[in-house]
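Here subunit A shows up in two complexes: once beside subunit B, once beside subunit C.
Up next, the complex of A and B:
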């Protein structure tokens, strides 16, 4: 590590320069959330935690507590992730292995939906939710988000299934196991790395979703962190940027933690491998 | 268990891969399905295993009609080319999987797995994962897993193709030993003539979805039924020369061989002469040409002789000869061991 750093110092320097703007932005996000700059300046004047007050007191009477909103966000993200994974592992298996009518049509449709600008559907979705009585409920947004994430999930999982040798499946069948048992006991363990990566990815996608909750669940009961933050600066005539940045930090912490914990496994989703 | 495949037909979409093929295998016999890739040998194997549906004809194991039986219910064990071990299971779990599917008691599974592991000599590896094994050891695990259910038939799909040369030699005799010890009826799919000849009681040589010839290895080598069979078996391969039959066999430009006994063909024919039946050390009529290639092999050399009309014969000559490139030679052909084929490739 040491020698390679020394040998490539030019490269390291170039990369440091290029990523400097990002690092500075993230740095000030943190600094500003725990300090008060001089009016019009950027140098911190005094350190204080008042921007983080939202953690222990309501920032104003009209808003739900941050913990309620965080809980909503967690329910939203994890339900989305679980739904996406549950449907992806079965649908992707079928697309990868089973020969059923219109399989090619489904595959083509999947790629198209994957690249589809979902925002164009928002009016139609709004009407459907309204009709089903799911408008302005967390449940409704969860279903919509999961549905929109599914093409990606199925496509990724299909890639993982495709890389499992056919022979393992044939061997299982020949050993006397039913197709379902072969899938559950022999094939599913091979795609576990992909499944884990997909679980994390769709959780993060749910965690950072903004437009869908904003449009489909604008009420205070179903508020998630993204819409909560939006409300914090949208409402006031004099926006409190310090508070906004502190909530932003709070909102980003789980994402950072997840990336730090799982970055190796997340790389899997791009490698598509099933080693180990 | 006797296996009887009758009028077997297999189609993939609109293409008929195998049409009206019949094959009968005696109980305890080991037979090879030999042929180039794409000849339908693996298709036949997987039709017998149940993975491919049989589109026409019937399959019997003994008296039992298994034509429409799903693969789960067929008493067959299969060894795949890449072994298809379950990577997330230990060796013991791999071998025990078929028994677990049958819902046997844990103690019984353990006993039979141990027994099987001893038979294939991997008793000390039971706790390992497949990735921690060498190719030969993985092969043994695959064999154990295929045999642990005590199937009636063992099917082997190119089992040696992924092994290096030395292990291949070892596993060749190992598979044959297991087959003999268990007395199981076995079918080996291979494109390697040496594997087929050295391991099996009989060989079915396949070509374009048909069985070209089925007989014992020595019979097939000594009396190939067609030009194709003669060309497929033998290493170094047989040499073919075109000749005109007209009372004798005229090889053009001064070379001629007498007609072998009992053959009375006229017109264009092909003569197949194996390298071990041509050379200065043999008795018989001679053919002259010029030495055009020498390939030393240690114990013997391979020498190509180009005849005046540019046809080529290959000879195996014991090492220690003094022949040189470009030298004119007149060597003998063991006439009784030559093979004559008509224009359609059929044996005369």
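Up next, the complex of A and C:
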């Protein structure tokens, strides 16, 4: 099979042309955040950091400080990730390895929930949160996001448990350990890499989430970076893409860092992803 | 109950609780709300009882007799022992007695007439206009515009007005400001031409985006399959980024690319092409970019899945084809593609459902515009119930929109269940204790 660059120049050219719009967008995302283009043009005129002013001064009076919003986003994403992981490691183990009544039913339910488009429930969830008094609070969005990510988390974790050899468990039980002890001391260490991947994935999902905070916590107190950025864009009468891109850069930095660090693991888990 | 059962159930119960709270309950509630007229004006928790001026016209239609409607309209103010007692408490007994002799038993239609009557007091006139207004208010017997928190209070009020018993039920029902059960939403959905437009938009959106996702995903997977590892990795990284970038930022990049002083306009200007907003200029422009924006995210999912199933195909098949003299196109068409049937079917069924119900990227990119030409069904549900410029959010109608999607979601995900080899999946655990 010919996989040399020379023999495939036509293919490389075609791929490069098709990738050009994306590459241009990524490139200018970086350039525009630290420069000022000529009026009406796109070539950078002057390198400057004024687009990053939102970091040290509020961009307008009614807006909460970026650090407060970043803190909210961090709390939102990490609480969601921890909740998803905590609920998934037990539930997935039960579904993968334990005998209990109605297990078949739960499994069928899990597969359906995994495919079910949760976003359709948002109107009802909005009203449920109002009933519970959790509307417009970070707590409410965290619970909802964690619950909606849960079927996916259980599904992924179940896959990891399924790949642990039965012999490990058999050996533990033969030696007289309880199933709980076997799970904690023998099986959990085996699925640790999977758990880490799920943790990272759920964190990223929370970090990027837009619709849930937009609908369920529109107030300034519970604002996260996604809704903050959207509000800055929506309130601007004349688009200031330099500012938008600098905020976007700040917002995306953790995502890009995590991606570069955990690329391999994430590719794996995104294969089973639900987005778009 | 043995210990394994106990462990199993306790391990699964936290997740189960979350599922009941945020899946099952919302599904049931979506059905319930779809049959109500719940909106911002009715509130969510229940309402009060109130007949306002503007309600009067619709009363006869609600089954209230014309006389009652008239009784509610006229007789806003009355000089009666009860109202005189109130007057006496604030303005003194002498004035009340004098007013009783002057106007005892009289009724007045509006406040102006009532205030004029109060001017007739000679013994100790009320000179300050503000006080006269306050005094007039004491004679008010009309229930128009009054709020009654409970049904009992409202019924007491209409009984005091002397409304015939026969009309009480209909009037109480008409006065209720909270939400009630109704099938109106579905009739409205059926009748509105916009509904059909949204359904058509959703179809266009799903078909075009899906075609792009699958077609382009396959192209990316095959191309990177034939390229040297390094180059392939670079291209995969470029196409994977849209998936992990936050949607708000990702769409801003596209907005910058397409706005009237953005990249496309800037590079086309030297060729004499007027700068326009390439994303919102016409419906065709909008659809093109919506498909591209969603497609670049969706194609990466196809790319990842297709690439991994391509790697699973034994290389010997390809070698055999090469020995037989098959060119690259023939290899793809007759050797590789037939083995990709399952992943293609999987992506198609999976993304049909998620595209049908997702509206995040459209909301951020065009918000349904220009006009409402890219408003898909899911976005219409969102706009109706959760965000509109009118300010009155119609939860009931929005839930009716959402209900259609929930039903499709349940049906398709049940179908999806059949795709999996379910028997393998539910194989009994091997330790029985």
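We adopt the following convention: the second predicted complex is superposed on the first by the 244 of 276 C-alpha atoms of A that agree within 3 Å, B and C clash if a C-alpha of one lies under 4 Å from a C-alpha of the other, contacts with A are read in each partner's own complex, and residues count from 1 in each chain.
In the analysis below, a contact is a pair of C-beta atoms (placed from the backbone, for glycine too) under 8 Å apart; a residue touches a chain by one contact, two chains touch by 3 or more.
What you are looking at is a predicted structure, and each value in this text was computed from that prediction instead of being measured.
**Student:** Record, for the superposition on subunit A, whether partners subunit B and subunit C clash or fit.
**Tutor:** Superposition check on subunit A shows subunit B and subunit C fit without a clash.
**Student:** Counting only touches as set out at the top, which of subunit B and subunit C does A:133 meet: first, second, both, neither?
**Tutor:** It touches nothing on subunit B or subunit C.
**Student:** After the superposition, just quote the angle formed at subunit A by subunit B and subunit C, using C-alpha centres and rounding to the nearest 10°.
**Tutor:** In the superposed arrangement it comes to 120 degrees.
**Student:** Considering only the touch criterion stated at the top, classify A:177 as touching first (subunit B), second (subunit C), both, or neither.
**Tutor:** The first partner, subunit B, only.
**Student:** By the touch definition at the top of the document, which applies to A:167: first (subunit B), second (subunit C), both, or neither?
**Tutor:** first
**Student:** With both complexes overlaid on chain A, does A:219 touch subunit B (first), subunit C (second), both or neither?
**Tutor:** neither
**Student:** Tell me the contact category for A:88 with respect to subunit B and subunit C: first, second, both or neither.
**Tutor:** second
**Student:** Which of the two partners, first being subunit B and second being subunit C, lies in contact with A:190: first, second, both, or neither?
**Tutor:** Only subunit B is touched by A:190; subunit C is not.
**Student:** Among the partners subunit B and subunit C, which is in contact with a greater number of residues of subunit A?
**Tutor:** Subunit A has more residues touched by C than by the other partner.
**Student:** Now for A:11: first (subunit B), second (subunit C), both, or neither, which partner does it touch?
**Tutor:** Only subunit C is touched by A:11; subunit B is not.
**Student:** Once both complexes sit on top of each other, what is the least C-alpha distance from subunit B to subunit C, rounded to whole angstrom?
**Tutor:** Superposed model gives a least subunit B-subunit C C-alpha distance of 6 Å.
**Student:** So which positions on subunit A get touched by both subunit B and subunit C?
**Tutor:** 170, 173, 178, 274, 276
**Student:** Tell me, which parts of subunit A touch subunit B in their complex?
**Tutor:** Residues 165, 167-168, 170-178, 181, 186, 189-190, 274, 276 of subunit A touch subunit B in their complex.
**Student:** Any idea which subunit B residues touch subunit A in the complex?
**Tutor:** Contact set of subunit B toward subunit A: 46, 49-51, 71-73, 76-78, 80-88, 97-98, 101-102, 131, 145, 149.
**Student:** Tell me, which parts of subunit A touch subunit C in their complex?
**Tutor:** Answer in residue numbers: 1-5, 8, 11-12, 14-15, 19, 21-26, 28-29, 32, 40-42, 86-88, 90-91, 93-101, 103-104, 106-109, 111-128, 130-131, 143-144, 146-148, 150-151, 154, 166, 169-170, 173, 178-180, 204, 207-208, 210-211, 215, 225-226, 229-230, 233, 239, 241, 244-245, 248, 251-252, 255, 259, 266-267, 270-271, 273-276.
**Student:** Tell me, which parts of subunit C touch subunit A in their complex?
**Tutor:** Those in contact with subunit A are residues 3-5, 7-9, 11-12, 14-16, 18-19, 21-23, 25-27, 29-30, 33, 38, 44-45, 220, 223, 226-229, 231, 235, 238-249, 252-257, 259, 261-263, 266-267, 294, 296-298, 301, 304-305, 308, 315, 318-319, 322, 350-351, 353-361, 363-364, 378, 381-382, 385-387, 395, 398-399, 402, 405-406, 409-410, 412-414, 416-417, 420, 422, 425-426, 428-433.
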